[in-house]
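Multiple structures follow.
Two complexes, one shared chain (chain A), two partners (chain B, chain C).
Up next, the complex of A and B:
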């Protein structure tokens, strides 16, 4: 047991070192690395619902977009009149000082974590009674509705979009912005991973699994399933909101349906990445998101104009050949490596029976 | 778990190696080529206009290269463009701009298609001090941010349809008119809307319908039903190519009678070809028309450009292509005047641009917008089944008289 832990320690510390060194090693790729961190966070949090709880949600994009708008609004609203900012498209008359910028984004991120969690609680209370595809369709509607509503609210820019505060001009180093957002997202990734890993060792996960496997039985066992479902969703919303807040600052321009409530891309990607890696596993979403991001960045520009066709083919291949994801496929091939004990005699006996 | 961990570590290190080998970046000027970068919408909702833009760029690159290229410090250089597909998505566009600059080492950018995407890219080019000449981001708010490296060869969006309101007021004997308007929820169309609001205030006109249309619209029946009921003097619609097509389709289906119909993107939508007589009398804002009398030595005049473009790509050039071609001419001019590849020298040369191209005069205002070229309005007119766009305003270039009011559907054959 101790030995295993030591190996884990080596793995984690080497990954953290790699993560810390990455923006220096691959200076030109900082933005893509930031995206990677955010994608992993989204996949891991989606996995809590889709993988562990068996509730396929398309609604997590709601929290992501909410976090994005909240962070930017707070960052501007703390120091300047928000309505004037958005109306002028972030005119140069309002310039954040260095201190204001960082204070603003700090408070903004705090808000963008808490508010989406509360919203998740409220919405969850209303709709987590739905099951299966009813729940999936209902959450699909949430993201679309949010995009349309945000596109009509003047104070956050409506259809004009919202230009987030530019990185303080007093910091001359052009690399500073990239590094700042990378380390922010990396910190979020580590925080999310620790949290999810903690959940994986807890009774909470077992309850989520029980809900997935048979909700009625779980209820009959005396588990208040509704309570756990809501708490689970609130946890996801917390991290999705943060991820959105960071992305908003990084992209620099928020559009209601294409950037914030981007159900067609981000909303689908997070599901796809979790399934690609293997839902219901700790490492699955991480590997899935990493592979997906590399596939996307590496190959998409080679097939200009056809990338979405390739994505469609990829989805079909994943669903047909790896229905359990990469982790599930590996587990089936090499069960021993996952710590599953297999009785050789038993396996042979089964083979002979056929 | 351990084995899995090992597998993961191997995987990560493989990626690391791959990344390191990728990092060899290009130079801004490679041999005899000046490398420009552009993220463009080849897929997604702006794909048709994205292709118009790309064709415009390519046409100008070919022409300039064929006619001797760009001369800097006595040496001839040719243009080359690295394209990426931004999928009509601002998030992707910003990421690709970063990629062009950081990984491909591009030092000069050409703009994407649409205001929203330009808004997403401009902060990136500004951060790295990369001069960007853009031809398709007209939103006014692009030019109020104090960007120093952004140059637009087109007139800002709020000017698109202001003239149309003035025209309507003139036809109404100088009295204010009743306006019905519907705009797509996107940066460009919302700016056109602001222009109309200004014009309405100025002329004492009243806005009786002010609807927002969803992106990628293909239905505006609700707005048209209201128009039928309230009978406004002018109907204004803006929603890129799809907006123009949808409006004409449904107006003709529902037989909506309105004395004046003003729109944007008619020529990009090939309205007169696609809808023929149904689109007759529609009034359209345009940055350019082939009948204008501007000239330059690369493309000759507008008519010559249209002919060459038709030969090359098989369709009449919409203004999106013309303005994109003009962007290259501006870059060439700036490089030669700067006589250097230093980004700031090129930027300073761009600031001082004052030239005539087949597309119009170009001179940049303090915000980076083109202040030397007015917008024009044309009207779709048909002879039999053959429809074409005729310039009706401003009077200096008008080839035809503005036809007003539009006859009722019951009287149209």
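Up next, the complex of A and C:
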């Protein structure tokens, strides 16, 4: 047991050191690395619903977009009139000082974590009562409706978009902006990983799995399934909101349907990454997101213009041929490494039956 | 209430007529969805994109100088084979699987279709001019494009023809048998694989007709497919599978809702209202069923 822990310790500490050193080692790819952190966070939180709870949601994009708009709105609204900011397109008339910028983004991220969680709790009772594909379609509708509605609201920029406050000009270091957002997202990644790992070792996960495997039986066993489903969704919303807030600051421009409530890209990516890596595992979404990101960044510049066709084909191929994902495949190949013991007699009996 | 529509009663007549005529078109798409859902147990997210593709076929004919109304004959024929090919390529691998797999797989197909249409036809909003003129009613206060009347008429015609075909023909009986019990049908000698392919083809053909009609009554754009999928999904869950009169009525209801939402909330919230209605319908059904400790299946 002790030996296993030591191995874990080496793994985690080397990963953290790699993460901390990454912006210095790969200085040119800071934005990509930030994206990667956010993608991993989104895939891990999606996995809590889709993988552990069996509720395949397309709606986590709702919290992501909400977090994005909230962070930017708070950051601007704390110091300047929001309506005038969005009307003038931002930076020309109002300028954040350095202190204002960091105060704003700090408070904004706090709000963007708490409010989506509250929203998830509020709508959870109604939405999580749906099951299976009805839940999937309902959340899909919710995400797209949010984008359409946000595109009609004047105070957050409506269709013309919302420019988030630019990074304070007083900080002359050109690397500072990239580093700031990278470390912010890396901190979020570590926080999410610790949280999800904690959940994986807890009774909460067993309950979520029970809901996935048979909700009626879980209920019959005396588990208040609705309560746990809502709490699970709120946890996801919390981290998705934070991820959205960071991405809003990084991209610097929020469009209602193309950046914030981007069901066509981000909303599908998170599902795809979790499935690619293997849903229902701790490391699956991490590996899936990393692979997907490398694939996307490496390939998309080569096939410019055709990337969505490639994405669509990729979705079909992954979903149809690898529904268990990479971890599922590994698990089938090396069951011992996952702590599964196969009874040799049993296996032989199965073979004979075939 | 300071809405224009409540001040001018004629606008209400206008919205109602528009809504009903539009709703009949939605019902046609929903009928295709109900057909494949009932028979193959898959939810096709690419439904709306098949519609748009059918519309672009009619639009291409219009560009070539042929009257786009002929699209209602040509487009379903082409779309039938598109549907057949799609079934052979992808759908046959997801038929017996989890519904979520079919949702995701068809989502992928939808993205491919959107992007290919964007390449081929461009990202502009296009419309095929039918030049049917307009009918004026009630002292010229209500205008009704004749193309809308034409499209509703054609939709009803095709729907009736399909119902008769499903009742009388051999393939129709095979489809209905497969829907009831695929395994039993297989044992009794029905080639279910062929039935599935034909069902998906018929669904695509219905989408083709609807698309051709949309190309002359509304507008086409590569990325507007999803709202049509959601509309047909909504109609199907309200009406139930295989209940054609209910599909027609709820289609018209949806059309009415949309036209009124357009006037009351403003055009920019129209699509948002459709998606919110979907959420409300699902949540309403969920609460209604949970009283009996049941859930949507």
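Following the convention adopted for this analysis, the second predicted complex is superposed on the first by the 340 of 354 C-alpha atoms of A that agree within 3 Å, B and C clash if a C-alpha of one lies under 4 Å from a C-alpha of the other, contacts with A are read in each partner's own complex, and residues count from 1 in each chain.
FYI, contacts are C-beta pairs under 8 Å (C-beta built on N, C-alpha and C of every residue); 3 or more make two chains touch, one makes a residue touch a chain.
Everything numeric here is computed off the predicted structure, so don't read it as measured data.
Look at A:301: by the touch rule set out above, it reaches chain B but stays clear of chain C.
Look at A:14: by the touch rule set out above, it reaches chain B but stays clear of chain C. In the overlay built on the shared chain, the residue A:252 is in contact with chain B alone; chain C does not reach it. Put simply, more of the residues of chain A are touched by B, taking chain B and chain C as the two choices. Using the contact criterion defined above for the overlaid structures, shared-chain residue A:315 touches chain C, although it does not reach chain B. Once the two complexes are overlaid on the shared chain, A:81 sits clear of chain B and of chain C alike.
Of the two partner chains, chain B and chain C are each touched by A:152. After overlaying the two complexes on the shared chain, residue contacts for A:335 are found with neither chain B nor chain C. By the touch criterion defined above, A:106 reaches neither chain B nor chain C.
The intersection of chain A residues touching chain B with those touching chain C, taken from the two complexes, comprises 148, 151-152, 158-159, 305, 308. Those residues of chain C whose C-beta lies close enough to touch chain A in the complex are 43, 90, 93-94, 97-101, 103-105, 107-116, 119, 226, 230, 233, 237, 266, 268-269, 271-272, 275-276, 278-279, 282-283, 286-287, 290, 295-297. Across the complex, chain C is touched by residues 56, 126-127, 129-134, 136-138, 140-142, 144-145, 148-149, 151-152, 158-159, 264, 268, 271, 275, 305-306, 308-309, 311-316, 319-320, 323 of chain A. Residue ranges of chain B in contact with chain A, taken from their complex: 1-5, 7-9, 11-12, 15-16, 19-20, 23, 25, 42-43, 83-85, 87-91, 94-95, 98-99, 102-103, 116, 119-120, 123-124, 126-129, 139-142, 144-146, 183-187, 189-191, 212, 214-215. Residues of chain A that touch chain B in their complex: 4, 7-8, 11, 14-15, 18, 25-32, 35, 88-92, 148, 151-152, 158-161, 163, 166-167, 174, 177, 247, 251-253, 255-259, 262, 265, 283, 287, 290, 294, 300-301, 304-305, 307-308, 327, 330, 334, 337-339.
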